[in-house]
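Given below, in the form of structure tokens, are the structures.
One chain, subunit A, appears in both complexes that follow, with subunit B as partner in the first and subunit C in the second.
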Partner chain A sequence: MGIISNICSVIFWNLIIPTFIGFLVTHFWKKEDKDNIVLNFAIGLITVLGIFQPITLSSIYLKLSFTLLANIMKILWLLLSLVSLVINWKRFINCFRKLLSIFKSFHIFTALVLLLIILQIFAYVEYEHIDDDDSFFVATATTTIVNDNLYIRSPFSGVLYGKLPTRYIMSPFSIFYAVMARLTGIHATIFTHLYLTIILLIFVYAVYYLWGKALFDNSRSLSIFLFLIAMLNLFGNYSEFTTQSFLLLRIWQGKAILAAGIIPFILYLCYCIYKEDSQVILWCVLFLSTSAASHVSSMGIFLAPVSVGCFAAVELIRTRKWKRTLAYLFCCLPCVVCGVIYLIIS
Partner chain B sequence: MLLSGLSIVQQAYEQYAAAGVAQLLLISSLIVILIKDKKSENRQLAYYIIALTVLIFIPPTAFILAIYFIGEDVYWRVFWLIPSVIVIAYAGTKLIEQIGKKSRQRLMAAAMIIVVVLGGRCVYNSENFTKSTNLYKLPQEALDLCEMVAPNGGTTKIIVPETIVSYIRQYNANINMLYGRNLGKDTKRGKNYTLLLQLNSLDPDIPYIAEYAKTKKCEYVVFENTSNGIEQMTNEGFELYGNTKNYTVFKSID
Partner chain C sequence: MQEFISNIQTSYESYQSIGKIILLLTGILGLLAVKSTQRIRVIVIYTAIGSLVVLNPFLISREIQLLGEKHFYRLGMILLIPILSAYCISVLYKKLTDKNQRMIAIIGSIILVAASGKLVYTSDSFYRADNPDKVYNLAVDLADCVTGKEQTPTVAISEVQGVFIRQYNPNIRLILAPTITENWAEAEDENTRLMRAMLEVEVPDMKELTLLADKLGCDYLILLEHQTKQDNPANYGFQYIETFEKFVVYENNLGAE
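Our next item is the complex of A and B:
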């Protein structure tokens, strides 16, 4: 496949489909600017990962073939997108009109932010940061595709697993690489190291954008906020362990997108829940977010509930609303279930 | 437990914060929010960070979290829960907003950027990045070796040194290997590990390697060019198959 068709298929499966799915979710959200494309993309990608987790874990347990799993996800994601297209067609038109009006509120800081994001994308495209952890994560994807099974053969050597990698099997983000590689027709390693990095970078800045929209009322302050964030990220390599380093060095890895994108998004949802009336849909998205966190990294199984739990505890002390605390804890259920299963199988 | 917890926290903090000023900026930003910000939701965010910081830094909880949940060596990952860049950028923007004139706002923004630049380290440096030579973003030599032993995604079984073992199956998962990167770490150290040590050695035991490779039905054996005496492989039932800049490939004649 030529590079143009590769790019088109990546855009379709990793930008358009998640955005459509996001519109389906926000259909039930009573919010003034719910037609914002960035909001819908972010929620959509989280939903894609969140629903992928239980289906993948079930497939691994049932020893389904990889091809079957990929076809199930293809049908499911297309179906959800089609339903969204049918019920939200007016919102799509409204969204497109709003996109055009963005240029009216263009500031110098907006231009600087876009420039810095393009620089970060350019760095990922033209340069490489080789990480030996990929000998497991990326090689799991290539092994899955070649053998058409899930966690049967070791990605390190190709031999049959004597003992399942219990630590990693509960967070099968590598299978997501494989499924997307299959759907886009691109080699799993190229997809992961090149295209997925761009998608996830866009997602992380979408999360920062949503934070900015929640914190500020005007577009100028939002632009300044994003500009400061982009600079903090660029100069955050004072330690190789910071979220900034993980964001700009190896965002394709599960723990990196967990640290840089999903945990901030979970916190954003908690912030929105606290700030607004607690609509059911927000809790649903939070539930999906913790599922997504447990999917991308085994650290997510623990860190996501700690984040939500801590936020809930502080809110309980300040507001004494016990029911909301229980709701927060219920949203951590995906991580709790994964944690319990891990304890049983390990 | 107290002393262990304290040690864990100290080590993790030193690893995460290093020599950057971000933690100072974070503390300053929290103070700005608590003093100046009247919005309940923003104060909620500040209290969340403070509560989380207390949870992370108290030695007994740190000990329990590190030993039973996160892992002692990677306790620094718990700092990922603190949204530092968001809080610092928020406080910075709020301070800029309070300045009336746009020209002064730009000066303030520039001053903040200078602090960030001087107090941090640019991620784009030669230690972290090299120019890509292929779309896979793997060492080109690994790809060349794979195409040499198994062209167009073919199947084979090979032995390679540790310096290149991580990349082979990322390119072609039809190439099976006797061991992977996890040998000696996740897996037990047996005969394969002895072989790995030989492959990594400057003076490998060629007859041992050749015999073991044949026993394990490995079609190719790859050596680093710095290894001595590898030409002896031709006396052990292997033929010289090819080489790259840093590696030499032998193929089993059988």
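Our next item is the complex of A and C:
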């Protein structure tokens, strides 16, 4: 496949489909600027990962073939996108009009932010950071595709597993690499190291943008906020284990996107819930977010509930509403279930 | 004078690693000093509670036990330091009304961020991609070499380079994977354990190694150059193919004889 068709298929499956699914979710959200494309993309990608997790775990347990799983996800994501297109077509037109009006409030800091993001994307395209962890995670994706099964053969050698890698089987993000590679028709390693990095980088900055919109009332302050974050990320390599290092060196890895994108997004949702006084859809998205967190990394199984729990404690201190605390804890159920299953199988 | 400059350099380097923490603490203090809003209070309280969880001396040992000493640092992910730091600086910047003061503030912030941190894009961890897969070129060369005749060969290689081969071409089966890799859960029998032991010695018994490799169905044997100095598989029915950096590739011709 040529590079143009690769790019088109990546854009379709990793940008357009999640955005459509995001519009479907925000259809039920009573919010003034819910037609914001960034908001819908972020929510959509989280939803894609969130619904992928239970289906993948079930497939692993039932020993389904990889092809069957990929087809199930393809049909499901396309179906959701189609439903979204039918019920949200007016919103898409509205969204497109809003996109054009963005140029009216263009600011020098906006230009600098875009420049820094493009620089970071360029770095991922032209340069590489080789990480030993990929010998497991990326090779699991390639092994899955070649053998058409899920966690049956070791990615290191191709021989059968003597025992399941229990720590990582509950967070099968490698299967997401494989499914997307299958859908886009790109080699899994190339997809993961090149295209997925760009998608996830866009997602992370989308989350920062949403935080900025929540914290600031005007676009100038928002631009400055994003510019400062981009600078902090660029100069965040005082340890190879910082969120910033993860973001700019190995964003395709589960722990990196968890730290840089998913945990901040979970807390953004908690903040929205706190501000907007409970819309059911927000709780649903929070539930899906913790599922997404448990999918990308085994650390997410632990960290997502800790983050939500800390925020629930904040709200309890400020509002004294016990029922909302219980609701926060209920949203951590995907992580709790994964944690319990892990304890049983390990 | 030299000692003085060296001391300044050492102090600066140690500051770099804690600079962000100072930035964050200064920011939070600054936030507390300005007029408090509900928004700020929520964020500050969350950070305080999160820090209590992460840095609580009573919980730290339990956290290390649960997560492992190597992964304990990941708890810091919940603190959202980049977002918080940027927010603090932005809020303080917003308070300034004079254009010149704003210019000084933003330039000062950039200098502070750059000076207190370390650029991510350094040659230690980031280099120009050799191939679209972004794996070691050596792994690509070895993989292409062993798939010249057969698409799904079996290869014996003990060095860690072996595990990068399957990112590039998962059709290649390795007799065994290095035990230094994490998440190791391979099914191994007596013969593969024996093969592993043989491949790890400085000077393997080539006769035994080649016999075992043939018994295990190896199509290719990849050894380190220094292992083949005294004796080599070519003397026992294997054919020398090529050398890539310090790796020497031999093809199994025992079946052909």
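What we mean here is this: the second predicted complex is superposed on the first by the 346 of 346 C-alpha atoms of A that agree within 3 Å, B and C clash if a C-alpha of one lies under 4 Å from a C-alpha of the other, contacts with A are read in each partner's own complex, and residues count from 1 in each chain.
One rule holds for everything that comes next: a residue touches a chain if its C-beta (ideal position, glycine included) is under 8 Å from a C-beta of that chain, and two chains touch if they have at least 3 such contacts.
For clarity, every value in this text was computed on a predicted model and none was experimentally measured.
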Three-chain arrangement built on subunit A, subunit B and subunit C clash or fit: clash
Touched partner set for A:Asp134, first subunit B, second subunit C, both or neither: both
Subunit B versus subunit C as contact partner of A:Ser245, first or second or both or neither: both
Which of subunit B and subunit C A:Tyr168 touches, first, second, both or neither: second
Which superposed partner A:Phe235 touches (first subunit B, second subunit C, both, neither): both
Touched partner set for A:Thr56, first subunit B, second subunit C, both or neither: neither
Touched partner set for A:Ser291, first subunit B, second subunit C, both or neither: neither
Partner chain in contact with A:Leu160 - subunit B first, subunit C second, else both or neither: second
Touching both subunit B and subunit C, residues of subunit A: 123, 126-130, 132, 134-136, 138-139, 142-143, 145-147, 154-159, 187, 189-190, 193-194, 208, 211, 215-216, 221, 224-226, 228-229, 231-239, 241, 243-245, 248-249, 255, 258-259, 263-264, 267, 271, 274, 299, 302-303, 306-307, 310-311, 313-314, 318
For the subunit B and subunit A complex, residues of the former touching the latter: 15-20, 22, 40-42, 44-45, 47-48, 51-52, 55, 69-70, 76-81, 83-86, 88-90, 92-93, 96-97, 105, 109, 112-113, 116-117, 119-125, 128-132, 135-139, 165-167, 169-183
Touching residues (chain side subunit A, partner subunit B) in the complex: 109, 123, 125-130, 132, 134-136, 138-139, 142-143, 145-147, 154-159, 187, 189-190, 193-194, 208, 211, 215-216, 221, 224-229, 231-239, 241-245, 248-249, 255, 258-259, 263-264, 267, 270-271, 274-275, 299, 302-303, 306-307, 310-311, 313-315, 318
For the subunit A and subunit C complex, residues of the former touching the latter: 123, 126-130, 132-136, 138-139, 142-143, 145-147, 154-165, 167-168, 187, 189-190, 193-194, 208, 211, 215-216, 221, 224-226, 228-229, 231-241, 243-245, 248-249, 255, 258-259, 263-264, 267, 271, 274, 299, 302-303, 306-307, 310-311, 313-314, 317-318
Residue numbers on subunit C that touch subunit A, as the complex places them: 16-17, 19-20, 39, 41-42, 45-46, 49-50, 53, 66-67, 71, 73-78, 80-83, 85-87, 89-90, 93-94, 106, 109-110, 113-114, 116-122, 125-130, 132-136, 160, 162-164, 166-178, 181-188
